[in-house]
């Protein structure tokens, strides 16, 4: 297993430690090229598909291609034993690094133990683990929630609104991401001086469900001063539009459709902020795994900067694409990490494939 | 032997299919035919194996239990609070976990029998209740499970003995023939042999088959119909709880995951069918369903050794499942008296 | 005589308003064989279901050996020595013969069922009913209907009955088995067992029973000893009128234009070259021992079997129908009255009306849309034509008695105006009165030019009804009898394939 | 309760479902009155909106009912719906809706073949086909960037209002009338009931059971596809996972409406009531901000409770 060492780590502009308390890990260097596997959970939404495609594309990227001798991606469904089994199988097969999106934030003790025993680098990202024993890559969900809350309140104050009704749209129950984001949103609201009533509905990060519950909430409560959603952002916009609700500040994720809507309606009051989890995280995780295998010192928790875009900074063709579909996630690349595979790039590449 | 194959054609076919799949997986695996691979495979099997066992019992009656995945989840959430502390506390925790699942199964049985509801729809509803309870117990995933327990039960007999200092830490000669057997396999098949096989040889057990085969006849013969029905669902609850208990130990976690619960329920039905148990009831058995679960798992093993486009995996999984269950079509086309098709 | 072993006082039961039993007092005694007679729907099955704990009386009481009992279910009745043999209801197809025979009280070893002891027990009991050929390890599903009934007998014997109830338990048996049963009942009588025997076959009743009770419309009419009443009197008690000639007169034999011609029909190893021709307006009886291919022959003609070989001419066309639908809609419309009305003839929980029109939906609809007027008329006609006794045509068919259920099956098929009617034992479990109606109808249909191919396990029916009889043996026609030549001796001889001794 | 037993058994579930629906509305109203002092739930606009949302589930349930009546079940609804929506939006233009519906048609034919010809249990065949459809959509989305915007026609059907009533509701009502007619007045409908009661006897009555069962699955496929096309219009686009929340509620609606889960019995109006009940229940729970845990428990309890009430007073045959 890795040794706990002191920082700083390699490439700090890319592998930024989470905070000053973050520890550093170091594995003994191995000869490349490496066998790397990605063990995904379920594969039934656009985000995951984009993630898988990014992983495959990045494995062919000249900056890393030569360092990888074998690259495999499997999806196990939301089945913890299957995911743990796949990881263990890859350890048994002699893989050097395994990158994973955990189906649950705990329960990996055994595979962590086996990975350490076999000097395999295990890198959870996106849905990460509640542990400091492995190197992980993620965006800071608490910071995300806080940013959403603060931005929305700031816009409201600017409009001279200091009290009123806010609609919070939550994600899938029982998930740590939902928990953290909601916690931070509500902390931000509590910290604000204003007198806010928060109505919470559950949208499961799913556009359809979100659209339905937001429509219900509007039917019952009449009007909200702002909406803070942690997913299913397209559904929020649809529901507002359909019910004839006036445009208000909305916080949401980074779906292209949401950004298109903000760009179109911000002048009418849709003062939006779009922050999202990026499918490109997988590339950062792959890069971190290779770096760890090369023997570099790595932060235990790698923080990938939040890709924030507000109505003030949207630019067609740069951080959203008006002619591309709604569903794909706009943020994909991380230039400081030399991860330059943009969302549209993946689409364009594939459209070539199609012909 | 020929009679056995004749009367257990589904099981024999499933066994052949599994052996073909599994042996070629080992052949292609860089570390095939080793304890490590066997242990890994078995760990993956236990939870779905138990849930498939659970599903089998109501299916033998001619009913379905759509709550088995949810009961497993509920049990795992309960276990995630109770499996830490002194050995006595842990033992109590295990018993309590199994008791919760069994009690829930009993509740299913009582509703089906005294509420006179169709099992499939009653358990659809109680499944929601079980998930709700699981979410109350574990609003967020987490848990504390004794680390030794986790290690000992998810490895081979040797590691188990070593962890608990049995048989000179696993070095004893009397243990030698067994040291390489994965403990999870022993738990799974042990439970099947200790609970199911004897149960099958009781009047209640036999009544379960009788109900699935000809309910009116079972009643007219004076068999204990209600008792058997209740027993079937209770046993389903018990086996599902075994799955949940193992899941909690394996992952040190309780996770009230609705999607996972649903997936386990549906996979349990697939496993039952693949094992050769008729959904109409009356024929088949629990061991066959474990075999069905093994086939399901073995199919997914291939994605880890073959180079298959990750985005094609769900498609291939679906096609393999459809193909496997459609294999019975060959029987359909061979049937000469079409009345046999309409049971 | 000692006091009665079972005694019912003032028992009533009704189902959704229908009084199945009304103020019934009934007693039976140890060491007797006691027949229960009555037309379809008289309440016989209800009576024995009440005695055997399947149904609970609404009012009144039951006493066994003078002590009042309230059975919670058949299990308790069996413990009290009351064992019931239903026609086909109580064997479990997916369990072995041995399992079935010791179903409820298996021999045990350390609390668990002892398979070996079970097999030994089954062998002993099977030997007692002269069925040594049945393997105790075989699945009941794989046995023929007559073997199953014998297993059922063995099972009942194994329960050590004090009261043995046989509800039409001999209806599917072969002659040899019936004889075995006769012997058994005699043995049981000698051992002091009371047997309650329900059958619509008068000659069986005469041969076996020493007391007879007649039921009508849910009431106990009378109980008397053997020989105290003539057959005609009994029938009058049962159905309230005289049944004189059981069979309608037959026309003189004549040349008929063939509607169906079969040459060397073969299927699996059940049909081994059947050749026959069925004439227009003819009733052709099929005889023979159970399981000689009679059922398969009917099924083949109805499009149920696949892989049938041989030359077949149906009407002006060639070949067999590929499915019942094809058989029903071909140039010659074919109908089949199936073997088991409960699973093959009827959709029990659907209404009588829905069942009656089930085969003729296209006749009461245009372009798939039902015509309510034609529908109502057709249902009314069916009810009328077969005199089906029911509260409302909207009632589920399962609320009818066995005989009336059978009439619904007939009504259903008459509705398609079939040219050829295949009948598989159509009067099984039907009372004399109704039987007579059915025979009359068969003849009327034949006179209208319909052809009927008719299998019966009852020789008297074959003799009384058929213009011609063929006898099957091992999947082949071994004898063809016409006119005066149709005698019981001739049929029996042909059935046993002892051509030489044919008188 | 005694009054209940006097009602025809077939009508009882429908009335009870109706009663429960009113009860749910009252509970929801009591809640809004006590928290906000308003009664939005009793306003036509809210009810219209609920029926509009309910129409997607309603379509799925209508199709599901056809299949359940035959004694089978269709677990492929989620991805039939999604695939139809994705194909419709990808084709676009005037052919969008026919293309989407043809997906439903194909799925129905394949299901019908698997269940009635191959005789694989529907529970498992339709589940397998659902997985295959998901696989196809994942593979397809992975292959290129499909167009996912709903066409104007889809938007119209799902969102527009005619005389103040959502067009989607008209679509649902039209399908409802069609299904009611099919079940009550056609040979196809009678055959469904016959097969669901006893397939063997139905086949021996010369009913073309294979064709009829396939017809039921085609009906289900078409209904799910239509729901998908409408739902894509409602959300303005198609997306993965849009069908996930329709399967179990559709089955529950059918059963709560009094259709026997093993086939042969049930009336369409009951299914309609079942859908309304489930949609309102979900909506009221969401309005009451009920945590997910309690929501699941209430959902399960309501289903059990209602079915227990249906069973009261009927003397069940042995």
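Letters A, B, C and D mark the chains as written, and numbering starts fresh at 1 in each.
Keep in mind that, in the parts below, a residue touches a chain if its C-beta (ideal position, glycine included) is under 8 Å from a C-beta of that chain, and two chains touch if they have at least 3 such contacts.
Going by UniProt, the chains are B, D = ABC transporter permease; C = Monosaccharide ABC transporter ATP-binding protein, CUT2 family.
Quick caveat, the model's predicted, so the values are computed rather than measured.
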Chain pair with more C-beta contacts, A-B versus C-D: A-B
Chain centre separation in whole Å, for chain C relative to chain A (CA means): 72
Intercentroid distance (Cα basis), chain D (ABC transporter permease) paired with chain C, Å: 44
Rounded Å distance, chain A centre to chain B (ABC transporter permease) centre (Cα mean): 35
Chain centre separation in whole Å, for chain D (ABC transporter permease) relative to chain B (ABC transporter permease) (CA means): 31
Residues of chain A touching at least two other chains: 43-44, 49, 52-53, 173-174
Where chain B (ABC transporter permease) touches two or more other chains, by residue: 135, 139, 216, 219, 256, 258, 311, 313-314, 338-339
Residue list for chain D (ABC transporter permease), restricted to those that touch at least two other chains: 134, 138, 141-143, 200, 203-204, 291-293, 318
Those chain pairs that satisfy the touch definition: A-B, A-D, B-C, B-D, C-D
Chain A residues touching chain B (ABC transporter permease) - in the complex, by the definition given at the top: 37-38, 40, 42-44, 49, 52-53, 56, 72-82, 84-86, 88-90, 92-94, 103-110, 113, 130, 173-176, 179
Sites on chain D (ABC transporter permease) touched by chain A in the complex: 32, 36, 38, 40-41, 45-46, 49, 53, 134, 138, 141-149, 159, 231, 234-237, 239-242, 244-245, 283, 286-287, 289, 291-293
Chain D (ABC transporter permease)-facing residues of chain A, complex: 43-46, 49, 52-53, 173-174, 199-202, 206-209, 211-213, 215-217, 219-222, 234-235, 238, 242-243, 257, 324-328, 347, 350-351, 353-354
Chain D (ABC transporter permease) residues within the chain C interface of the complex: 185-188, 190-191, 193-194, 197-198, 200-208, 264-265, 315, 317-318
Contacting residues of chain C [partner chain B (ABC transporter permease), same complex]: 53-54, 73-78, 84, 86, 89-95, 99, 103-104, 106, 111-113, 115, 137, 139, 155, 267-268, 299, 304-307, 323, 344
